[in-house]
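Consider the two complexes below, in which subunit A is the common component and subunit B and subunit C are the respective partners.
Moving on to the complex of A and B:
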């Protein structure tokens, strides 16, 4: 038996040696033929919009972090340092596309229009989900590592069955690439040529474990090529490179070209969550090295190099970020807790007699306490 | 109009009618297409409805369920097949952490109208992992409906109800009964929560489901020869359990035997007997009894008939509830347990 091995696609694994980048640390616009072809429309104003997006995402993140420290939220998984990876990818999608993410996808949630009051309730432990998925085309955030990758592939398969050109993007971290679900998702996406974008935000750590624990030192972007899935290793702190990579993947999916994998090489500058202590597993010097690669500073420098007067842009960004932070803080501080009776809601579409009986028993118990305290 | 069908053909008819009636219904599973499934349950469906709607999947159970979740977000009703009971565990996380919880997580905004078909149970003379009864794992998880069927009619009507439901349903098919024939009236509509009283009697209640219903009915006939009236309840739904129907019966008979192939520990019988004791303690005239698989892994099938609930084991349990002489009358537990120390 002989098999035909497809000719290697030059773009099957781009950036393996050095992550694809079009904005240098000092803001210099570098040229990359693969990415440049998808950035023709990005002028000063479009880049300034991406800057505004990133500033707002960072402000939401830092405000939520502070709110957790102040006791208004119970937990927060910060994305500090990953703003470009999320903003670039999110802006490569249209609103009709769907996003299936993990619990750190605050940038996607914000840019897709999640209701901030509802969003705050998740991290106040008032609700498990924080927005209407069908309103913003984004599945509820999901905590089991990598499980959402299969949901994204299934959604993409369904879109293809419907003859639609909508695509699904599923976002996960470097740790998730070790999960069976992500590997099964790659198999299925390849087998069914599903119009799906795999966005792996390699933020270098799965809680305390450095990415080498998952990868054996090989680039994560190498792995999908074994599944026949084109892959790009991209500087995840370069918002333009992320936007271009996202567009390449989305356009391929829309055109019937199947899945693409993007490894966004970035860094989680904060702890895994507000309960984590990264000092136990990494040096401050390492963090400082990544501060120098800050995704927002880089765009500021690029805009300055383009001759943009940054003062009004920064002022506008501050106004918008402050407004968002104020809105989010108010939501976090003033959210109404769920009624205890809601424990029993939305377990089934059709409530069961058994559960209704349990609800009645619980309410009778609560009423009995009220009676006693009179 | 009725027709005579095997249970496997009744499942096939339910799938065909669901595919015919709603173009958002899809089937997905391993070997279900051209082969028609390892039990031929989906025979002919891919030829009739196409490979887009009857999908042969790669061999990854977690992905079968996980991708069906994604399709549900887009409004499809996916009927997935897990090839054998013992193969469901790789999909456990997607079923209990995702399918079961998405309505709750999204506060009612996301529906998972998924049906997960699982051939289950023993008595087919097979090898390891092919004869298990894993229903209790799923009954323990809120948000899932867990149902089974005892006859071709029940299989047809219950599967139609499962596919039509906006809740996720695990539909356990008693594979040992796949080739049992019965009359099927496709117009009969069944719900997913109500038990059936399939034989009336006033002395002892036997609650059974799936493959053990037939054994219970045979026990009722045998007991009648000795003047004992056995009421047989086909539970149908394992979660939620129709405790009301069983309590109503026990209030009349005062005696309860629960039977299933799954092991006894933390099982459907554990739950049902507890519920009956909670609600009908004063009606009980004898301790409830159970006839189940033993608390062992499923044994090699050469000895499965010793493991599975049988007519004689059921009659023995009926005798125990009535205080009649039985296999345990002279069992010396103290000496047996002494040996175990």
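Moving on to the complex of A and C:
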């Protein structure tokens, strides 16, 4: 018996042979008929804004990394190298849309407007959620790998039932595509034609496992086609390609076209988290090869080619990034631990009698200690 | 002056080693400039500078291990007379203002005002919560809270009859600090709970004192040790053991092992298997309950393996059909899997004769107890170079003591000695095996 892999349906997948790209490594603007149709409004100033976004996201990431080494945060999953994938996708959404991300979605959190002081508290292990999800339409960081894809699909199904035109975007990594949750989410999204965007940031490693181990050597973008979900394989280090792909997916969802899957082909240049040593499982030369594909350098070159004077843009980017870093550092250094009784506060929307009794008992116990120690 | 204490660079680490300094005393450094390479239990990481300023003192040398929470670097900060934590020390004015269309960035004045009011973090014990474990730093000494998997050997304590005393965690902690045995305290709380006041009363009655060092401790015997204890007791008490020894010149066998790919133990096993074929009752099983002798079609050779968890006997089934190379591989496989704990129940129970290589521990021999259900066990002692009579001369030869313990219900001295002599004959002249 022989089994052959069927050729992907070209109507369902784009970019399988070569990830879709509109900005070359040297900044040349390439033309792609699929993506170009959604980039008509992007002029120099709009591209410079994306540049500023990416520089701020990177600065937040590197500052948080340093703060972890300096003992002010306890853990940080860095996104270095993935700025374009997150910024491009985040900027394709409206504020009324919702984001359901993993623990590495710092770019989304920043651009959605998460309070950085609250954000710092999460990574100091002082807060479980950090920001108010309803204020910025972004669910708390999900630690359980891939679980957020089900939350995103559920939200999208509800939006459709309510007759609203909101779209949910769920972001996860290559490793998450091996999880049952993500596969279940794809089934539900397909069955209910939910207005959801699956953003898979393929950063090449599920902690230490190279993606090839789990992908059968096939592009991850091929997988959703088996669920009847169209997909695009995009150069995740090309912010314009990511913006255009995001817009295509969001517009499809909003118009009732159902789910779309985007595989952003990118690379995690840092460790999985600040407690991991990537030198044990990958070659430094591989990292260097991806430094050459840096998402921010590429936009700088593109802007220069468009005739933009980069000096003031870089200066502006530095001021904003430094300000953000300083604000974040101050918040991280001075965050105070929450009172222990806060553990009772966020379990149910409305307090239950049982929890209130436990809370009262806890407070009485703490008070009794204070009295006894007098 | 700011003293930077070594933080927990992983999750729940207690110390780290300074691999290399990238700066020296007197160097001016920027915020987040790499200062050192530090090796934790998990990775070698870069330490970025927590301050902008000058390195006043490095507290540890390269190669030194520093406790989490111990001083690592002293910094001289610009305008040191009014030190402020980094991030708020530089004033906002000396930076260019961002352009008005700047994104959702809080106004700097608010941030700085808030920061100045906050107490400096160095003034109180620095508490760093981590995902697993928990470190609290007091006066530079980290004390790690115990985790569930930090098990201590079980120590039995004499308990009064009835229900043991219980107490809330802070009370238990206080009792431990004062060396008071909770079980010696009269509980006054609800449901027989020991309260803080009970401890105070106990403390004033007898005075705080540390618990005396016990003269002995008792540990629950579990797992493999318990199994071995039961098996050995059964075997020793129900089987009439006898033993016989023989010193064997194994020079030729050892030379064969050194010149080829077959191990000495595998060659010795071949010798045992050849001898066992001539004396088939050495692999028989005596059933006392039915007064039957069970003889087996094949020789399942048990290999005694000492593991971290205890002693196991792993069977190489139908070993008589294997050559020395196959036996070498099989022995290696059983030993590896015994240590991994991945042997099957069948492999742990199917042997009908056992070999114990006690020589690896450097001893000449001993009288092994039979593996329950078997009639013979062979102990191989250490191979020693010793003066030996060889072809009429006294020369140095490789000599090994071989012991056979046997079930005297099944075998008599004649069979056991014959079996042992046959083993010795092959070990002394391995070429003999060809002839048999």
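Convention: the second predicted complex is superposed on the first by the 335 of 374 C-alpha atoms of A that agree within 3 Å, B and C clash if a C-alpha of one lies under 4 Å from a C-alpha of the other, contacts with A are read in each partner's own complex, and residues count from 1 in each chain.
Throughout what follows, a contact is a pair of C-beta atoms (placed from the backbone, for glycine too) under 8 Å apart; a residue touches a chain by one contact, two chains touch by 3 or more.
Only a predicted model underlies this, so the values are computations on that prediction, with no experimental measurement involved.
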Just from the overlay, do subunit B and subunit C fit on subunit A, or is there a clash? fit
On the A-aligned overlay, A:359 touches which partner chain: subunit B = first, subunit C = second, or both, or neither? neither
Just subunit B (first), just subunit C (second), both, or neither: which does A:271 touch? second
Could you look at A:124 and tell me whether it touches subunit B, subunit C, both or neither (first, second, both, neither)? second
Consider the C-alpha centres of subunit B and subunit C from the C-alpha centre of subunit A, and write down the angle between them to the nearest 10 degrees. 70
Considering only the touch criterion stated at the top, classify A:314 as touching first (subunit B), second (subunit C), both, or neither. neither
What is the contact status of A:369 with respect to subunit B (first) and subunit C (second): first, second, both, or neither? second
Give one of first, second, both or neither to describe whether A:144 is in contact with subunit B, with subunit C, with both, or with none. first
Considering only the touch criterion stated at the top, classify A:282 as touching first (subunit B), second (subunit C), both, or neither. neither
Shortest CA-CA distance in Å separating subunit B from subunit C in the superposed model: 5
Per the contact definition, I'd like the list of subunit A residues that touch subunit C in the complex. 52, 56, 62-63, 65-66, 69-72, 74-75, 113, 116, 124-126, 271, 274-277, 279-280, 315-316, 319-320, 322-324, 326-327, 329-330, 333-334, 337, 365, 369, 372
Parts of subunit A lying in touch with subunit B, wherever the complex brings them together: 98, 100, 127-129, 132-134, 139-140, 142, 144, 147, 149-159, 161-162, 168, 180-181, 184-185, 187-188, 191, 345-350, 352-355
Could you list, by residue number, the parts of subunit B that touch subunit A in their complex? 26, 52, 57-58, 60, 62-63, 65-76, 90, 93-94, 97-98, 101-111, 142-143, 145, 165-167, 192-193, 240-244
Per the touch rule above, subunit C residues touching subunit A in the complex are 4-11, 32, 42-48, 50, 85-88, 90, 95-99, 102-106, 108, 111-112, 114-115, 118, 121, 126-131, 168, 170, 196-197
